[in-house]
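What follows are several structures.
You will see subunit A twice below: alongside subunit B first, and alongside subunit C after that.
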Partner chain A sequence: MSITEQRPIISKLEKQELFRFLAEGRRVDGRSLLQYRNLSVQLGYIEKAEGSALVELGNTKVLAAVKVGVALPFADTPNEGILIVNAELVPLASPVFEPGPPSEESISLARYVDRSIRESKTIDLSSLCIVPGRSVYSLYIDLYILDYDGNLIDASVIASVNALSTTMLPKYSLEGQNIKKLDEYFKLELKDYPVSLTYAFFGDKYVVDPCLNEEYASDFTVSMTVKSDDRFCAIQKNGGGMLSPRSFLDLLEKSITLGKELRRVAYSQIVKK
Partner chain B sequence: MGEKISLFKEDGRRTDGRALDELRPIKIKVGVLSNAQGSAYIEQGKNKILAAVYGPKEALPKHISLPDRCILRCRYHMAPFSTPERKNPAPSRREIELSMILRNALESLVMTSLFPRTVIDIFIEVLQADGGTRCAGLTAAVLALADAGIPLKGLAAACAVGKAEGKVIVDLNDLEDKYGEADMPIAYNPTLDGITLLQMDGIMSKEEIEQALSLAITATQKIHKMQVDALKERFSFSRREV
Partner chain C sequence: MSQGNEQQRQRPIVVPGEPVGDSKFYIPGMNTLKISDRFFATTVGIIRVDGKRLDVISLKSFYQPRIGDLVIGIVKEPSIAGWTVDINSPFLAFLPLSEYPEKRIRLSRDNIGRILESGAVITGFIKDASIFSSPVITLKGKGLGVVSSGTLLNITASKVPRLIGKKGSMLSVIERATGVRLTVGQNGRIIVHSEDSNIIAKIRNVIEMVERESHIYGLTERVEALLLGRKS
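And now, the complex of A and B:
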């Protein structure tokens, strides 16, 4: 059952400041309303994983690692590789993350990242088939949230795409009925570079890339993932409150502009010039 | 993937004979369960969904309660026999996500500050699934809340819009949901002009989303009328008795 979340209380003073600043078109950390935090990406952070990336978005830290295996394909897609996204809200990242089975927040985060990558066709799953109907590559993206200061969704999408771009897959040869792993590797090819943009709403005002305090003080957030061709592949409103259709249309417009900018920064190391 | 599945007939109509912006037949009944404080049943196409509301009641254990408002607990669940292949009755990751998304949508409607320290339980049980279950489930859950006499800021009706073979369509059925290019469930409150539930997966351009949104608003307004009629039918009986 999904239960109303108990948000940690942010002090009245902090909240007042936040709203006073918003009314003046500013934010407490000095950003403008539609300004992203500093973003840094470190590729290949985990050597034992076939692909990995550590993303720091302000104080939010997300580590994404890709593990590759061989699996039986799903019955309805016998010629396609398997992509599975999992998110761990690691307890060391925040006092609000508790050990135990995955929370609805982590499930929803993983599913959103999954949609962003799957629907944008960032990876061509049909290129990950070894023996049709029998053996396909399985790609597990594990998202590790290491420090939590809001906007996990955007950071996780960026971390996943960067990790995928570094992924090396082992080659297999067919020997009779069996497949044999060779000591050769090939690079996973990316077909798209999606970015997600998350907005936090305060009444009719909104900010992009909310930090944790802004998330807590907001009515709700809206995330949208934009592909390289400016089309959208995932949208989700999280939290109560009502979004006006007018604002929704504004967000679409803004996301295309902001998406271009963010894509340039987020994938500067991996996009072929 | 089904390679040869066509989602349109030669006359341009959809597989079930509908026009692009046409809803499936909808049947709504309020007050269908005896134990629940409020309940509703909806049929939308082949969807058959029950919603029930218990509460407001004391929130136990106490630490889950909030001092200034009531909390909501929501469970969206699909029956094992609701889909072509038997569905494991244990909650899937999808059901966990949808329970949260639906709770969020309902939370924006309930006047929670009227019932501090209490809990309202909302159960949505999909008996038969035919695409658009979260939307039909929400339409029913809102009515179950109203039936329970819980003060709401307004009703919200939900409907999926999306894209199939390049055309923007309303109220996707199972086939269109599976083989179409995009699916965007939306719940909308016409009196406050607010979207309470919004998701999208698949691929749509900005222009297509704009078109889909305006179709969704029209469609949800139609469903909203049916919601009002269903509530009137439920309560006209008790008025006659008084």
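And now, the complex of A and C:
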């Protein structure tokens, strides 16, 4: 049975400082309450992977890589390709990450990124079918957390979508009962550009894109993924505490506005103008 | 550093495996490995020569506890007959009840989790540090105890001597220019005895500068210039 890991303890002095700043409508690192940290994206970071991207959100660093294979489709979706997301919280990223089997946090992160991509229909999985019921493309998105300074979810969604945008799939031809790999490739087409926005709550106040100390000191965090048409495709609350209906509606509104701005920065290299 | 003058003023940075000295002239010190007559760096850092002893001071490091060090710890949780304390080191330290000052504590009656809560900040001395057991902290001593106000900042542990300076020169420059008192723990934690956000921002800039530029000569002058708003 899994045990939910406790958040590391933040010192009382740091907590007091954080609340002092929040009361003045500011943040310790100088940002406003609804301001993201600097975001940078490097596409095609790993040559050996079919698609990859390195994303830096402040001091948080996430590397996403896509590997492509051919597999037997699932019985209930014989005409659809397979998408699997896996997150590795490597110990070099933070003292709180330990080697060993996947932690609850890494599974939760991978599931959220999977949901954001799958439910936003970023990839048309039916276009990844080679022979119905027999052979489909399988896409494995591996997320490596290289530096952890809070807000892994937003950085991971941005890294995954950017990595998918660079993915090249090999072409296959049907020869009798078998398929044969050709020496030709085609680009994976993206249908949407979802962005996730994470908020940390401190009583009735909240901030977007929390850094590590803010994440640890907060009551809980809420992540929301918005599609290009301003519809929501994934929402998750991490941690205890109560989110009031008014705050929830407020977050939905803020996410649409902030999501537009974040999408423009995060996907500036891949979205055709 | 791209400027020629600046380059001349830098202490050279060595990388692991790089030859740093010869046993004819030096005694190998911290972060060095002796192979036959030569010694090599085992970490990324700068060379410091103290008499005949040659050390490589690593650019980033965690704190290794040594007896007598002043450290700033964060109480993690109460345990049997004491508290475990995070001292920014690979090892968790232990604060026994017997080293908690002033108050006589009875385990049968008192809830020690209330006497020192998780997250409380303490300043103490390392009383015992060995490879066989957790480092032991004591709060008995002048100026030691629980810190209830102020601001906690961090610096990499290997840069603490640079922040303090020779005979405390850098520290006194900072204290004089800002008018606030600082407590610097050897474990890379600093308590600024002020909650003024402008002063804290200034001190944060100083710490960033020390971390970034400690291998370049004339750091104290540059810090003074930064604090007084002069051009260095």
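The criterion applied here is as follows: the second predicted complex is superposed on the first by the 270 of 273 C-alpha atoms of A that agree within 3 Å, B and C clash if a C-alpha of one lies under 4 Å from a C-alpha of the other, contacts with A are read in each partner's own complex, and residues count from 1 in each chain.
The definition used in the following text is that contacts are C-beta pairs under 8 Å (C-beta built on N, C-alpha and C of every residue); 3 or more make two chains touch, one makes a residue touch a chain.
Quick caveat: nothing in here was measured; it's all calculated off a predicted structure.
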item	value
When subunit B and subunit C are modelled together on subunit A, clash or fit	fit
Geometry of the superposed three-chain model: angle at subunit A (Cα centres of subunit B and subunit C, steps of 10 degrees)	100
Which superposed partner A:177 touches (first subunit B, second subunit C, both, neither)	neither
First (subunit B), second (subunit C), both or neither touched by A:14	second
More subunit A residues in contact - subunit B or subunit C	B
Which superposed partner A:38 touches (first subunit B, second subunit C, both, neither)	neither
Overlay on shared chain A, then closest C-alpha pair between subunit B and subunit C (Å)	5
Contact residues common to both interfaces of subunit A (with subunit B and with subunit C)	none
Touching residues (chain side subunit C, partner subunit A) in the complex	74-77, 86, 117-121, 147-152, 191, 195, 197, 200
Residue ranges of subunit A touching subunit C (in the complex, touch as defined)	9-17, 20-21
Subunit B - residues contacting subunit A, complex	1, 64, 66, 71-75, 93-94, 96-97, 99-105, 107-108, 121, 184, 188-189, 192-206, 209-210, 213, 217
Footprint of subunit B on subunit A - complex, ascending	1-4, 6, 76-77, 104-105, 107-108, 110-111, 115, 119-120, 220, 222, 224, 227, 230-245, 248-249, 252-253, 256
